[in-house]
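Here subunit A shows up in two complexes: once beside subunit B, once beside subunit C.
The block that comes next holds the complex of A and B.
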C-alpha cells in the first residue's frame, strides 16, 4: 500500500464515527439546542419576539420573576407535586409489583390484575384530566362514595377549593404515573435469583427481612434510575394541571410550567417567560447531571 | 450433628409427574453421602425436600430424631450450599457469612468472632471486606461454605457446589470439601451428576434414576458390584461396555465370535446357569480390556476389534473400538457421549500401546472381571 493510500484509509477511519453520529446530532441541534439557546437569549432581552430590535435587559427579567410571589408559590407547588408524585409512584409501584410477582396469588388473577394495574398508563394526560374532573366534581362519584361512608359531611369541591386543589391534582398524577414504576420494578423482581430467597429461608429470614436485605438492595439501581427520571419528567408536567385546574384557584395549583405558559401566552411577556423557562431548565439540568453521574458510577 | 432418615419419601407434582418414588435412605451421624444420577433423576428435588424448599407429598423425614416434614426450612437445623452459591452481591464476604447471625439478632462482637474463626479455617480473612463480584470462583465457593458453616448445623446439604468451577479448580475444591467435612464431622448430603465427585468424595454413594433409588453403597462396592446395568454404566468413566450375548454351555456367543467362561464365573454367580441357551447382557469395564500385543494382554483370550479413534491422555490411551456385537443401552443418558457413531466399545490401554486409528486388532479381555445382567430387567445375575 502506498503512503497516500494509507493516509486516506486512516482519514476515512477517523471520520467514520462522526459521519454515523451526524444525523442525530443535526436533529438534536436543530430541534433542541437551537430553541434552548434562543430562549436563553430571549431571557436577557427586553420585549423579546415582540420587537424586531429588542434591547439588552441584563438580569432584569430574572429579578422580576424572583420578586414575584407567584413564582415562589409555583416553585413550592412544583416541588410538592413532584416529590409526592415520585414517592407515591414508587411506593404504589413497589406494592403492586410485589403483589404481581408473588406466587401466593392465583396466576389467572395475577394476569387480570396486571392488565388492570397498567391501565392508567394507556391514557393520555387529557383523558386522565377529564376522568378525574368527572370523578372529583362536586356531584361526582368520589364525593358520593365518601359521603355514604361518612368520611365527609358535605360535598367537597376538590379542584375548585384552594385547600384541596393541589392535593387533588397530585393525586390524579400519582394515579396516572405509578405503572412505570410497577413495570420496571416487576422486571427487576423477576430478575432476582430465587436462590437468594431460598438461602434466606434456610437462614431464617422473615418476609420483611427478605424485603429489606434482599429485594430492596437488589432493586436499588432501578429505584434510583426511575426515581430520577420520574422527578425530571414530573417537574415538567403541564397538560394534566392545565386541563384540571389551569393553575387555580387563586394560584393554588400554579406550577412552574403553568406559570411560564401564562407569562408567555396570557401576559405576552415572552422575556420573563423565557427567564422562568431557563430556571426550569437549570433545575432539570441539575437533576440530569446527578442522574448521569449515578449512571457513570455504576 | 445428626442422622438424616428418609422413609418412603414421594414427590408428585400437580401434573401427576412423580419426581421421587418411595425413597428410603439413612444417613448416619457425620457421614458424607453423595446423591448421584443423570440430569432429571430427582437428586436435587430430594435434597430440596430435605431442606424444606419443596413439600414432601408423602413419607417421613427425620433429622436428628425429629420429624421435620411439616417444619419450615429454618427450623430443620440444616445449612445449604447452592449450585449458584446464592451469595448476596450487595453484601461483603463478612456480611454474607454473618447474615444468618444478623437475622438471629446475635450481637456484633459475637458475629465478628465467629466469622473471623470461619474465615481463618477457609483462608478468607483477607477477603472479608470484598464483594462477591471481586472474588474468583473458588473463593466464592469457600464463602458459600462459610455461610453454611457459621450456623453450626446438624447437617450440610450441598447442591452441585462445584459445577460452576473449571476442571482444575474442581479437583482442588473436591479435596478441600472432603477434608473440611472430615474436620467438622457434620452429616453431609451432597448432590452431583459427576460420578468422579461421587466416587472420590463420599463415604457412601446413592445412585438415583427416574426418582427411584438404584443402589446405596461405598464407592468401591458400587464400582465392583453394581446391582443393575444402569449403575454399571453410570459409575465409572468411560462407562462399562455392555453387549448382548447368548450363553451356550460355557461360552458366551456374540455375533461373530465367542468368549469362553471359566468355571469360577459360574461358581461366583450360580444364577448364570439358568440362562443357558438364553440371551444375557455381558458387561466389561474399559480397564479390563487390553492390547493383546502388549505383555499385559497376553494372558487373556482375545476377540477381534477395529480401532475407530484414540484419545491419547499421556498416562493412558482411551481407545474407541468397533466390535461385532450388539451394544446394550444402560439407560444412562450421559453414557451415549462415550461412544462415537462408528464405535460401540471403549478400552483403556497403556500408553505403550501402538494401535492406531483404523487398525484391526485382537482385543484381550480379563473375563474374571465380567459382569452379567438380565436382558429384560437389567438386574445383576
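The block that comes next holds the complex of A and C.
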C-alpha cells in the first residue's frame, strides 16, 4: 500500500465505528435521553403538555407528591410487592433448579419438566392477570377447592378486598417470574466444576454442607445480579396490577406506576405526574448504578 | 460413590419426585385452567364442583373471536407492529454491534455503559414525554407512534445481544477481507452476516416478544379499535362483557401462540434472548 492509501485507510477505520453506531445513538439520544430531559422540565412547569406557554412552578409538584399519603402508600406497596417477588422468585427458582439438577431423576423426565417449569414465563402480563382473575374469582376454582378442603369458610374476594388484594397480586407475580432465576441458576449449576463435589465427598461432606459451602457460594454472582435486575424490573410493574385490581380497592394495591399513570391520564395533572415519574426514574437510576458497579467489579 | 438403593436413599428419591410433581402442579395448573376454560361454555366455567376436563367441549369461544373482524384486527396490529420493529431493531442493532465488536474508538466504554443503563429506564417515566411528543407531531393513534416508541426499548437489549454474539466470532474472517482491500462494510455483509444467523435469530425472537407483550404504550398512545394490539384487546374484552370468560381465555390462548411456538421450535434462541444481560 502507498502511504496515501494507508492514511486514508486509517482515517476510514477511525470514522467507521461512529458511522455504524450513529443510527442507534440517534434513536437513543432523541427518543430516550431527550424525553428524560423533557420530563424533568415538565415536573417544574404548571400545566405541562396541556398549555403552550407553561409557567415555572419550582418544586411545587414535588411538594404536592411528598404531601400526598397515596404516594407514600404506593411507595410502600411497590416495595412490598418487589421485595416479596424477588425473594420468592429466588427461592422457588433455586429449589426448582436444584431439583432439576439432581442426578436422581431420569434425563428425559428432567427435560420435560424443565420445559413445563418455564411455562409461566411465556405468558404476557396481561394474560397472567386474566388467568389469575379467573382462578381467584369469588366463584372460581381456588375458592371452591379451598372451601371443600375446609381451609376457608366462605368465598374470599381475593382481588377486591383491601386485606387480600396486595397479597393476591404479589402471589400472581411470584408465579409469573421465578423461571428467570430457575433458568439462570440451572445454567450456573452446570458450570460448577465436578471436582469440588468429589473433593467434598472424599472429606465426607453431607448434602446440606455441599449446598452451603459449594453450591451457594458458586452461584452467588448470578444470584446477586439477577436479584438486582429482577428488583429493577419488578418495581416497574404496571399491566398486572392495572388489569387485576387497577390499584384498588381503596388504593390498597396502588403502586408507583399506577399512581403516576392515574395522575397523568385520569386526572390530567401531567406536571405532578412528571414529578412522580422523575422520582421513579431516580430510584431506578440509583439501583442501576449499583448494578453496573457490581457488574464491573466482577 | 453414593450408596444406591439403601432404604433411606430410596426415600429421598421418592420425596424428590413428589416435590417435582407439586412443582409441576404449581407451574402448570393455571395454564391448564386457561386452556380448558377456553373450551368450555361460559356457564360451565363456574360449575360446582369445577370440571377439570371440559364436560361439553366447545369451540364457540374461538369461533366468536375468529369471526369478529375487530378482534382479528388486534392480531394483525400486533403481528405488524412487532414484525416491523423486529426488522428495524435487528438492522440497526447489527450495525451498532459491529461497531462495538470490531473497532476500538474513543468513548467506547462509556457508550457501552450508557446502553446497559438504558435497559433499566422505567417505561412510565418516558410515557409522559412520549405522549406529549406523539400528540404534538400528530402521530397519536398510528402505527408510527408505536413502532418508534418500541424501538427505543428493544434497541439496547438487541445491541448487547448482538455484540455478545459477534464477539464470539473469530476476527481472522473479516480481517481477511481487509487484507484483500475490502472495506469494513463489505466484510460485514459478505462475511459477518452470513455466519451470524444464530445471533440474529435470537435477537429477533427477543425483540418480537418484547413488542408482542407491550401494554403501557399501546394503552396510552392508541385510541381507536383499529389501532389496538392483542394485550389491549384482551383488556377491552374484560371491560365490555365482564362475564365472557371463555372468550377471554380463548383470546389469551391465541395471543400466547406465537410465544409458545417460538419457544417449542427454537428453545435455544429463546432462552439466549430471555437471559441476555443477566448471565455473563
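In this section, the second predicted complex is superposed on the first by the 280 of 298 C-alpha atoms of A that agree within 3 Å, B and C clash if a C-alpha of one lies under 4 Å from a C-alpha of the other, contacts with A are read in each partner's own complex, and residues count from 1 in each chain.
Please note the rule applied: contacts are C-beta pairs under 8 Å (C-beta built on N, C-alpha and C of every residue); 3 or more make two chains touch, one makes a residue touch a chain.
What you see is a predicted model, and the numbers here were worked out from it, not measured in a lab.
A.B. asks: Kindly classify A:14 by the partners it touches after superposition: subunit B alone (first), subunit C alone (second), both, or neither?
C.D. replies: A:14: touches subunit C, not subunit B.
A.B. asks: Taking the superposition as given, does A:214 touch the first partner, subunit B, the second, subunit C, both, or neither?
C.D. replies: first
A.B. asks: Quick one: is A:81 in contact with subunit B, with subunit C, with both, or with neither? Answer first, second, both or neither.
C.D. replies: Touch partners of A:81: none, neither subunit B nor subunit C.
A.B. asks: For A:295, using the defined touch cut-off, is the partner it touches subunit B, subunit C, both, or neither? Pick first, second, both or neither.
C.D. replies: Second partner only.
A.B. asks: Contacts for A:257 in the overlay, against subunit B (first) and subunit C (second): which applies, first, second, both or neither?
C.D. replies: The second partner, subunit C, only.
A.B. asks: In the superposed arrangement, does A:116 touch subunit B (first), subunit C (second), both or neither?
C.D. replies: Second partner only, subunit C.
A.B. asks: Just subunit B (first), just subunit C (second), both, or neither: which does A:180 touch?
C.D. replies: In the superposition, A:180 touches subunit C alone.
A.B. asks: Per the contact definition in the header, classify A:193: touching subunit B only (first), subunit C only (second), both, or neither.
C.D. replies: first
A.B. asks: Would you mind checking which one, subunit B or subunit C, touches more residues on subunit A?
C.D. replies: C
A.B. asks: Going by the contact definition given at the top, which residues of subunit A touch subunit B in one complex and subunit C in the other?
C.D. replies: Looking at subunit A, the two contact sets are disjoint.
A.B. asks: In the complex of these two chains, what residues of subunit A are touching subunit B?
C.D. replies: Going by the criterion above, the answer is residues 193, 195-196, 198-206, 209, 213-214, 217-218, 220.
A.B. asks: Across the complex, what residues on subunit C touch subunit A?
C.D. replies: For this pair, the touching residues of subunit C are 12-13, 16-17, 19-20, 23-24, 26-28, 30-31, 33-34, 37, 45-46, 48-50, 92-93, 95-96, 98-100, 102-105, 108, 111, 113-118, 120-133, 135, 148-149, 151-152, 155-156, 159, 183-184, 212-213, 215-216, 219-220, 231, 234-235, 238, 245, 248-249, 252, 255-256, 259-260, 263, 267, 271, 274-275, 277-280.
A.B. asks: Write out the stretch or stretches of subunit A touching subunit C in their complex.
C.D. replies: 12-14, 16-21, 23-25, 27-28, 31-32, 34-36, 38-39, 42, 48-49, 95-96, 99, 102, 104-105, 113, 115-127, 130-135, 137, 139-141, 144-145, 148, 175, 180, 183-184, 187-188, 222, 225-226, 229, 232-233, 235-236, 238-239, 242-243, 256-257, 260-261, 264-265, 270, 273-274, 277-278, 280-281, 284-285, 287-289, 291-292, 295
A.B. asks: Can you tell me which positions in subunit B touch subunit A when the two form their complex?
C.D. replies: 51-53, 72-74, 78-80, 82-84, 86, 88-91, 99-100, 103-104, 147, 151
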